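One structure is given here, and the rest of the page talks about it.
Read from first to last, the chains carry the letters A, B, C and D; within each, the first residue is number 1.
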Amino acid sequence: MSSDKRITLQQAAEIIKDGSSLTFSGFTIWRRPMAIIFELIRQHRRWLHLIEVNGGSQTEFLVGAGCVDIWESCWVGHELYGKYGANLSRKVANKEIIVEDYSHAEMMFRFAAAANGSPYAVTQTALGTDLHNPEYDMLGRAGLRDGKRIAAHKYLFTEDPFFGAGSQVLVPAAKVDIAVLCVQQVGEEGTVRVNGQYYSDPEVARAADITIVMAEEIVPEEYLRRNADQNTIASFEVNHILECPFGAHPTGMFGRYDVDGYFLKDFYGMTRTQEGFDDFAKEWIHGLDHISYLEKLGWPRMLKLKANTALNYSVREKGGK
Amino acid sequence: MSSDKRITLQQAAEIIKDGSSLTFSGFTIWRRPMAIIFELIRQHRRWLHLIEVNGGSQTEFLVGAGCVDIWESCWVGHELYGKYGANLSRKVANKEIIVEDYSHAEMMFRFAAAANGSPYAVTQTALGTDLHNPEYDMLGRAGLRDGKRIAAHKYLFTEDPFFGAGSQVLVPAAKVDIAVLCVQQVGEEGTVRVNGQYYSDPEVARAADITIVMAEEIVPEEYLRRNADQNTIASFEVNHILECPFGAHPTGMFGRYDVDGYFLKDFYGMTRTQEGFDDFAKEWIHGLDHISYLEKLGWPRMLKLKANTALNYSVREKGGK
Amino acid sequence: MATEYATPEEYGLADLMCCAASREVQDNEVVFAGTGLPMVAIMLAQKTHAPNLKLIFEAGTLDGRPPEIPTSVGDARCEMGASRSSGLYDAFSIAQRGYVDLGFLGGAEVDEYGNVNTTCIGDYLNPELRLTGSGGNPDINSFARRTVFIMAHEKRRFTPQVSYITSPGWRVKKWPGGELVHRRELYGAAFRGGPSAVISTAGVFRFDEQSGRMYLDTCHPGKTAEEIRDLCHFELDISRVQGETSPPTRDELYIIHDVLDPEQIFVPKVKKG
Amino acid sequence: MATEYATPEEYGLADLMCCAASREVQDNEVVFAGTGLPMVAIMLAQKTHAPNLKLIFEAGTLDGRPPEIPTSVGDARCEMGASRSSGLYDAFSIAQRGYVDLGFLGGAEVDEYGNVNTTCIGDYLNPELRLTGSGGNPDINSFARRTVFIMAHEKRRFTPQVSYITSPGWRVKKWPGGELVHRRELYGAAFRGGPSAVISTAGVFRFDEQSGRMYLDTCHPGKTAEEIRDLCHFELDISRVQGETSPPTRDELYIIHDVLDPEQIFVPKVKKG
């Protein structure tokens, strides 16, 4: 019952080896484990295979920094602060990255299958779209479908034999090496309590072989266990924990702080070119650690983002305008 | 936003027509909608098809009263107050009821598939057991597998085509007409908050075409909506609501009252014969309504069962000994 | 508050689109809305003629009643007044299970059958421009009984063939061959409906369910059917035009600009006088 | 508290079984336990040599630390000190995903390959006695790396062929034919292990993983291997007997009777002196 799951930010990034498959907590620009993302960039991680229910700013940082070889997901952008993923877009055009497209529900159900220990999920979504165009099986085209960690097929069609419900799309479980989560609270033994929408956090934590949880606060395990029905992820599903206040910045965290729209807008603007990204990374990532990053952001900015605890969002800041 | 979902106990039972397929909230002897079960018996409901993640005292009451033609589930008994379902056992031996056996996980995954809108679930459980004995497909033997509400096959085997994970058991979605839930709190618009283990309540509510929620308390909808992340079932998944304090008795309810072990032991003892059941029903069901049932139980008994609100269970009563 | 229609100088195209979209909703419906104008439109309906609609956001809030517009479906504001806050599995399960009456979505390109593209411009294997990707667009559209698309109207966006079918229209590709077949045929028992309207900056478009083809329903004030036809790369059916799109009422404008989106995050305010 | 072994008059068979079962657990393991003696055994381990074991109850509590024995896995007591309280989907998903090291279960009949029956006595189609049915027995046993069964020892219960295979042993039926094959062959990539021990009122039995056959490991105090062999309807291998089952310690008896089950719900107290 000791706290031997504790690691540092640097150690968290070191657990993620070159060539790992990786996924994250959160949704687009909310609750992304940015402090670990920045540390991965500092550590020059390479050849990552991102498998994400949806992408967001974390994707764009890793892709911009050249950490990613394969991106398997359904969406990337910065919501209203950047209408698409400019780094990914540029690298796709230059064929510097493999993109495997699924629909959002397909990605969610793929993680749910992996979390459930099933090899695949059964859905009826996106029939008739180019998501199922057999020419667009990009991992297949690259010869990477080994049937081990990467499924032998992107998807398969079948007919429902039980109720005559027609065409079904079978999508393979999303098997990932490591999930990195960013949440409000984790207990000393690994119990996670997420406040607000939990997005796909329970499924990605369970789907991954190793789960790292970065939290705003490490809290006494007994505190969380007093109300077990409010907890999101069980202790034994979590391998490593670390405390990192404001670790999701510039993405937002329900009840704690809003998305830093100005930051993301600036970032998006810079990512229209590789040089722009490199300059941004030079200023905000390289040569800094998490505390010096926060110092650089400064108190006025962080206080503006701070959520009103009655409302769970900031009333000082909205929209990065 | 009005409370037009409210119905009475009698109306709740009337919604469940002869021949309906039916499922319940709870687990074995916990949070079963007993007040509605008793009302169904008073109304002489017939030809019900119970599809249950697991059975319990509610099953034994309905089966004993002759309400049930088909029981599709994995377990029935009264836990330590009655080691098996004596009514079901007798009627199986007399071939008065069709029993279709699945495993517990299979039943759970069948409901999860139905709740997810999938025609079937993919599992690797119970391989090599008589649960998959093709001779023991009892609904098939009875010629009832129409492929509409009752699946064309009890199960099917397939091989995983994605990762070579071997034999998979496909089990059909549990399609049910009506789910009857018994919970601590429901809001005026149907939002449900379950305290403690929620068992398979979210899945059965969503799997059913009609969901009836009986609660200890109907509470202001705004109260529940202040903490949306603590709610269990969304408003629009619930069709009808009713308030019925102690509606789960003799089964227990987390945080409110314990299982009435004496009652269940007596019941189990009587159910060794049909005459015994009939006598018990005559005493405790027929000619009573819910309030006169509570009066008959009396205050000392109910106060003994009452949970300590710090612990969520009674410290006065345990084990029915 | 005033229910009379605003005059043309009192509103902009975004206002008009939101109001037209909002009127597609009936009270008590379950609606699944994406980020941006779809979100404004649906919350406008919630605060006007459809107070009992049940709003689902993809990130996991069910029957939410945000007091002001969230910045995205993952925003903390989505949870205000919600019946349940959970996650994506819950939201998509509810949709696949068949609870959703109406989906509200956006798109970059649309073809005459209502197939929508949000993935890339140009050949998928050699894209000119990679866009965001599908998100939940195909899912919401596959699962809902009706889907309304809100898009900017440029001629290149109303194209005979979208670069990539991200979200299924009324005639879709049957794989492995890719020949176009009617959605009803492909979806079989899972067929619930399809795109019911496209609301652009030029007009409101609907679909003939039999042929699957788009037709012009109403022209936005100041535009003629012929002008709109010329704004499409495919042959737009203008034989069924019903006149003008109703303008916003002053009430609606008040709700959009003073209640929902005072910061003008999604809907710019037209300068008056 | 005293760690020395109790004398035979200080404990009963239920005590002995619980203690023997408890010793099957190693610290830090994830254990999935059914109602009754399995629950007592695992909570005894939690309060003695395996304080960090993670206890899962089927109804939906994960890593629970009940202060006293719950009356069933659905009991409110299961939730005390738990890491997470949820439901059956969660519990079975975790098991199917491969988190579970050890399952603790009961049974009415067992055959020499460890196949267990909890469904019916006699022909399934014309049963003499219908029992409870499977519950989670086959699931926990299919998903866990090891499974320990705790059962009353009567000759009719240790049978060459169980009436119904509810829970899979080491040689199981391959459908549609029903011929017995090794569990490893049938489970393929999903194979994680199987029954590792049966703890009866007579002794502790284990399995030769190669042949799948049960053998006698230890005799409970006062019983000989030959007596136990005669208590089985199948040919029990007694060639590997390791001696006597270790009796309970006084500590263990204290925990069972004074901490976990003072009401003697599952474990009767032996009258002293």
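Definition applied: contacts are C-beta pairs under 8 Å (C-beta built on N, C-alpha and C of every residue); 3 or more make two chains touch, one makes a residue touch a chain.
All values derive from a computational prediction rather than experimental measurement.
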Chain labels contacting chain A and also chain D: B
Least hop count linking chain B to chain C through chains in contact: 1
Length of the line joining the C-alpha centres of chain A and chain C, rounded to whole Å: 27
Between chain D and chain C, distance of the C-alpha-averaged centres to the nearest whole Å: 57
Centre-to-centre distance between chain B and chain A (centres being mean Cα positions), rounded to whole Å: 38
Residue numbers of chain B (touch at least two other chains): 117-118, 123-124, 160, 163-165, 196-198, 229
Where chain C touches two or more other chains, by residue: 61, 79, 85-86, 95-96, 143
Full enumeration of touching chain pairs: A-B, A-C, A-D, B-C, B-D
Residues on chain C engaged by chain A in the complex (per definition of touch): 35-36, 58-61, 71-80, 85-89, 92, 95-96, 115, 119-120, 124-125, 127-139, 142-143, 164-168, 172-176, 178, 181, 183, 186-190, 263-266
Interfacial residue positions of chain A with respect to chain B in the complex: 113, 117-124, 147-148, 151-153, 156, 160-165, 168, 170, 172-173, 175, 194-198, 229-230
Chain D residues touching chain A - in the complex, by the definition given at the top: 30, 51-52, 54, 61-65, 79, 81-86, 93-99, 143
Of chain B, residues touching chain C in the complex: 1, 114-118, 187, 189-191, 206, 222, 224-225, 228-229, 231-237
Contact set on chain B toward chain D in their complex: 26-30, 53-55, 73-77, 79-80, 83-85, 88-89, 92-93, 99, 101-106, 108-109, 112, 123-136, 157, 160, 163-167, 196-203, 252, 254-255, 258-259, 261, 307, 311-313, 318-319, 321
